[in-house]
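One chain, subunit A, appears in both complexes that follow, with subunit B as partner in the first and subunit C in the second.
Moving on, here comes the complex of A and B:
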């Protein structure tokens, strides 16, 4: 027995079998085995956070001189805009009051009422060249749950895939493992938005399963449909860049440009469902 | 002056240095791969520091040590990716063994040797990873992926191995000198 255990080929085969078993067991995002990722992620988190902080400060420093030039020109334009916006604020105040009164009258429940908003910083990006996954500085200790939607002020970013103690991994909507049930804002037609190997590097994704008579054109806005139970309804995903029509009934697809710029993304909001 | 240790205490003490060096190398690799290298991307492609470190360790060390380190580098890559655990660990592990078995027959510090192993390993590992993760899902963009991801990354890894080989070799050389010194002093004392 001892001779077998010290046999190098036996150890090699054993390690290979164990790794294949690990891959099989960890295939599911909710597998309990993924907790061993804490071995790397917990000690790496402070380093990643520190680097992210320093990187931001260095970027801010070099950006300062360029910003002075831009600021002068922007200042002029902003003065004009202020007077326009002041008028708009008055209108918005009036509309907000009206909206609240109407909602109260209809006993309407806001879809975001059921969520807590957790602000997070991106501390690391996907280490390889295959996926669009990033790490945020919120983990199980902050109450982050799997499949929580992740957004910015502009629109949808993705969803939480794996959670460690101090950090979480977020799959962006341009990752090949991402599928989002969506709706065209104009025509209300349902489509499926998913990541694509070729489009990922350009920061784009594609919309599949477009029915033949769908009213879809470049420039149309795409938003979440609320179907599927992960993403709430009405979060903006992006705009249609082009529509590629093929002969088959459901062969047409569209290229979507997300409203979120994934290359420059620094802060995100995790929507945590209230218990 | 290094303390003279004998028997089990001596082995544990030397091992302690090796474990600290290995852990530092892996953590630094993980840290740089997920943060700093993002800023030196060219055409959306970044080098894979963990593949480079695995090749360097495999060129310098014994098969057992190389395979162990390769397993840990690969596992680190799997954890950082946040997807299925084990694929990079398996590929790194299997690739490191043949390299470490022939490393004594090679002129390891020749630039050409470093370039051949860095590029060959990068292409092999990333190609196999693509086959495992993407092809079985029905993606058929192999030529596109090969020319736009795998080859640029291999070229990038070749560039990265040149400044990294010497420092890593120096650290391992230093650990070997501590080993030899302890062994010699231990033998003299006996």
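Moving on, here comes the complex of A and C:
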């Protein structure tokens, strides 16, 4: 008996089984979105995480030797870069200081001050080419709340919809369940950015409620308005691809290309409201 | 310790078993999940995916914009947002969750100053808690979840408690106010059963902030917003309040009448109860032009009430834009001068002035087209109070004894007084009673048909028509009028458009003509016509009552030698593609009046303004051209306590007429006091008050600089 308990393999197997069972059960109870399409992906999702982890490690190992050669060459290159970057850091320090002074002078409160940034990785996604609805490796354990905004360094990704202990579901702005109150950065007109049944398959979304005679052109930036209660102000959403006026209709709508690449998405940042 | 081969072998076997168990368990987990999804919950998911409701949605069109003749905007559209609610069937939301969500919606809308209408308030009041209906049985039937429960609910308190505990399950954690609000909305939802095909409009014209809150908040399931163009009046609208009119929600009668008309047109889109229509002025008169035709969109929603498909099934047609004939610059001068002069007249010290001048109107016509260049009525109102639904202001307007909502220019009826004399002159000349040169003795006193008439101008000796018009000799017109006869006068009055509508697009009064017919019909105790009546009618008194638009059109017809146009306010209508869809015909009726007659009357009218004795001399003294006009002071029959009405009609320039003006000031004391209003308008129209440098031609150097 004692031998069995101390058997490392057995303990490992037991833990894996427990984890898998736990994950499977938690999935079956909580995921309610797009079930029919998910018959394959949902039950497989817990395994997916394990496989992708192992696969990554193995790949890393073999890549090591090849990397050494490359690394040497890069080393020289990087040393040069370091001195350049050191100079830039000095500049940045100076600018940061200046920025802070100016902000203080303007009594400007940073929108993001009230948020904690939680980095997270995507561990599963719904089928399709695009990251419309996906799962990240952070959950209620990490203090994530429903409706927490999700961003990348480029701009807006979406919001958290459902939360488990260790994972959360994220609804991206191209999903049809997403609506974001937004502004045209240039004209400051209020619009509403929505996921669209047809556009989502192209990784695009649409902006509704554009009043007539609005100063809007392809290439214009669209950002969050901050007045919808979920997303903080000023996060870049995307760029206007085209403006479409339906015959006779008073308002127009625009097709928006998100700045975030929803085809290749790995790491995202969840904005967690500080208590 | 050394392990035997056997033990090693067993160890190996154990590992296989463990591996097999691991694989089995993992596979079992997958199979279990699959089975659960496909077999256990399969039906549920199938229903959910099948739950695709489709419906027709509206695309609201914009109402046509309104501009002045130069394209200055008066009325337009702005974008507004509305909130609607659709009750989601699948998956069914538990009452506790629903109540919480609805309260959140209520709070968001209330913060925007919106109250959600509920039919529950028709049946119950909450403070005190009692039924508002005599027979609450029908109401109770709508709230019970089991038919039999209705028998046990007798008091309002019981109904309230039943709704709270059973129908809507509103738990105790809510305050009494919150409970009532939730109950009101729940009841409205219960009786409306709002589906995508008949959404419940929660609030109209919500702020952009509220729209954003409702849209972005995904927890508020079933709530969507849509946009709608709303009527907007610009600053200028106040200047043309009576001409423009205003819009409001369509009422049951209008809905029925408009739709009855539309039924006759194939493929027409009927009005619906939430539409707005013009209620007055051009907004009402040009309703069929301004009205846009709503489009339709095909909608498909998923189980969450989320619109998943939406495409334009029928494009809306925006209302056509209307360009008025009004020149806003001239209009502004007319409005301001009318107000300023009424205030000035009120302060004139004279025993005949009771300081009661309170209202008036002015109409400016282009004599060559019949276009109304300016039309003002005082007092006025701000049409925007109707768009804002400003109840306090609207009530104040309706209860104002001066009736500011009445367009006195088309609906004010005034005895024309001496402004009628040119018409009597035309009748006399045309019927051959006098010639332009005929001189008639005009004594101070004379008996006409058993009544003694006196001449306020004293004994004038022998005078001709020109002098008679210039001095506004009552005696001359008493005598000439009686000779001409009432029937001839009435005949010519009708020819010049009195006693009937002018045909202007907006609402107008007919007024009345002093005639045998009128007396017979309305003066029951003395229906017979006497020569003395003709005498009174000849100086524009008795039963004569005309509108300023009638007077202006009459003067215009004299000015352009007998061409009678239909005065109009719409210059053109333009559709969304810029195509002109409507233009009034500039056709005129050539009145059967001889040039000689017109020339004689014009000569008299120019003397009014330009001769020493003229009743409106001096006002136009420094004008670079001659003005022809006629003053009128009409008695209201209450001269002991109030001032007479003042009128002035004119046209200019005398030799090449461009505009005709009619001015009326109620209790304006004397006609001549209203002439400065016409002078102000002419100064603006002919740019007499503008500096010389605005004109480039040399001739302008000779024009006299007028300092007003």
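Everything below uses one rule, namely that the second predicted complex is superposed on the first by the 173 of 275 C-alpha atoms of A that agree within 3 Å, B and C clash if a C-alpha of one lies under 4 Å from a C-alpha of the other, contacts with A are read in each partner's own complex, and residues count from 1 in each chain.
The working rule: a contact is a pair of C-beta atoms (placed from the backbone, for glycine too) under 8 Å apart; a residue touches a chain by one contact, two chains touch by 3 or more.
Model, not experiment: these values are computed from the prediction.
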Partner chain(s) touched by A:219 [first = subunit B, second = subunit C, both, neither]: neither
Partner chain(s) touched by A:161 [first = subunit B, second = subunit C, both, neither]: both
Touched partner set for A:180, first subunit B, second subunit C, both or neither: second
Which of subunit B and subunit C A:229 touches, first, second, both or neither: second
Partner chain(s) touched by A:13 [first = subunit B, second = subunit C, both, neither]: second
Contacts of A:211 with subunit B and subunit C, given as first, second, both or neither: second
Partner chain in contact with A:246 - subunit B first, subunit C second, else both or neither: second
Subunit B versus subunit C as contact partner of A:197, first or second or both or neither: both
On subunit A, positions contacted by subunit B and by subunit C: 16, 20, 27, 36, 39, 43-44, 47, 161, 171, 176-177, 197
Subunit B - residues contacting subunit A, complex: 26-27, 30-31, 33-39, 43-46, 48, 50, 67, 71, 75-77, 79-87, 89-90, 93-94, 97, 126, 129-130, 133-134, 137, 139, 141, 144-145, 148-149, 153
Complex contact set, residues of subunit A against subunit C: 9-10, 13, 16-17, 20-21, 24, 27-28, 35-36, 39, 42-44, 47, 146-147, 159, 161, 171, 176-181, 190, 192, 197, 208-209, 211-212, 225, 227-231, 246-251
Subunit C - residues contacting subunit A, complex: 15, 18-19, 21-22, 25-26, 29-30, 32-34, 36-38, 41, 45-46, 48-49, 59-62, 77-79, 81, 208-209, 211-213, 215-219, 225, 227, 229, 295, 304, 306, 308-309, 312, 315-318, 576
In the complex with subunit B, residue positions of subunit A that touch it: 12, 15-16, 19-20, 22-23, 26-27, 33-34, 36-37, 39-41, 43-44, 47-48, 51-52, 55, 123-131, 133, 135, 161-162, 169, 171, 176-177, 197-198, 201
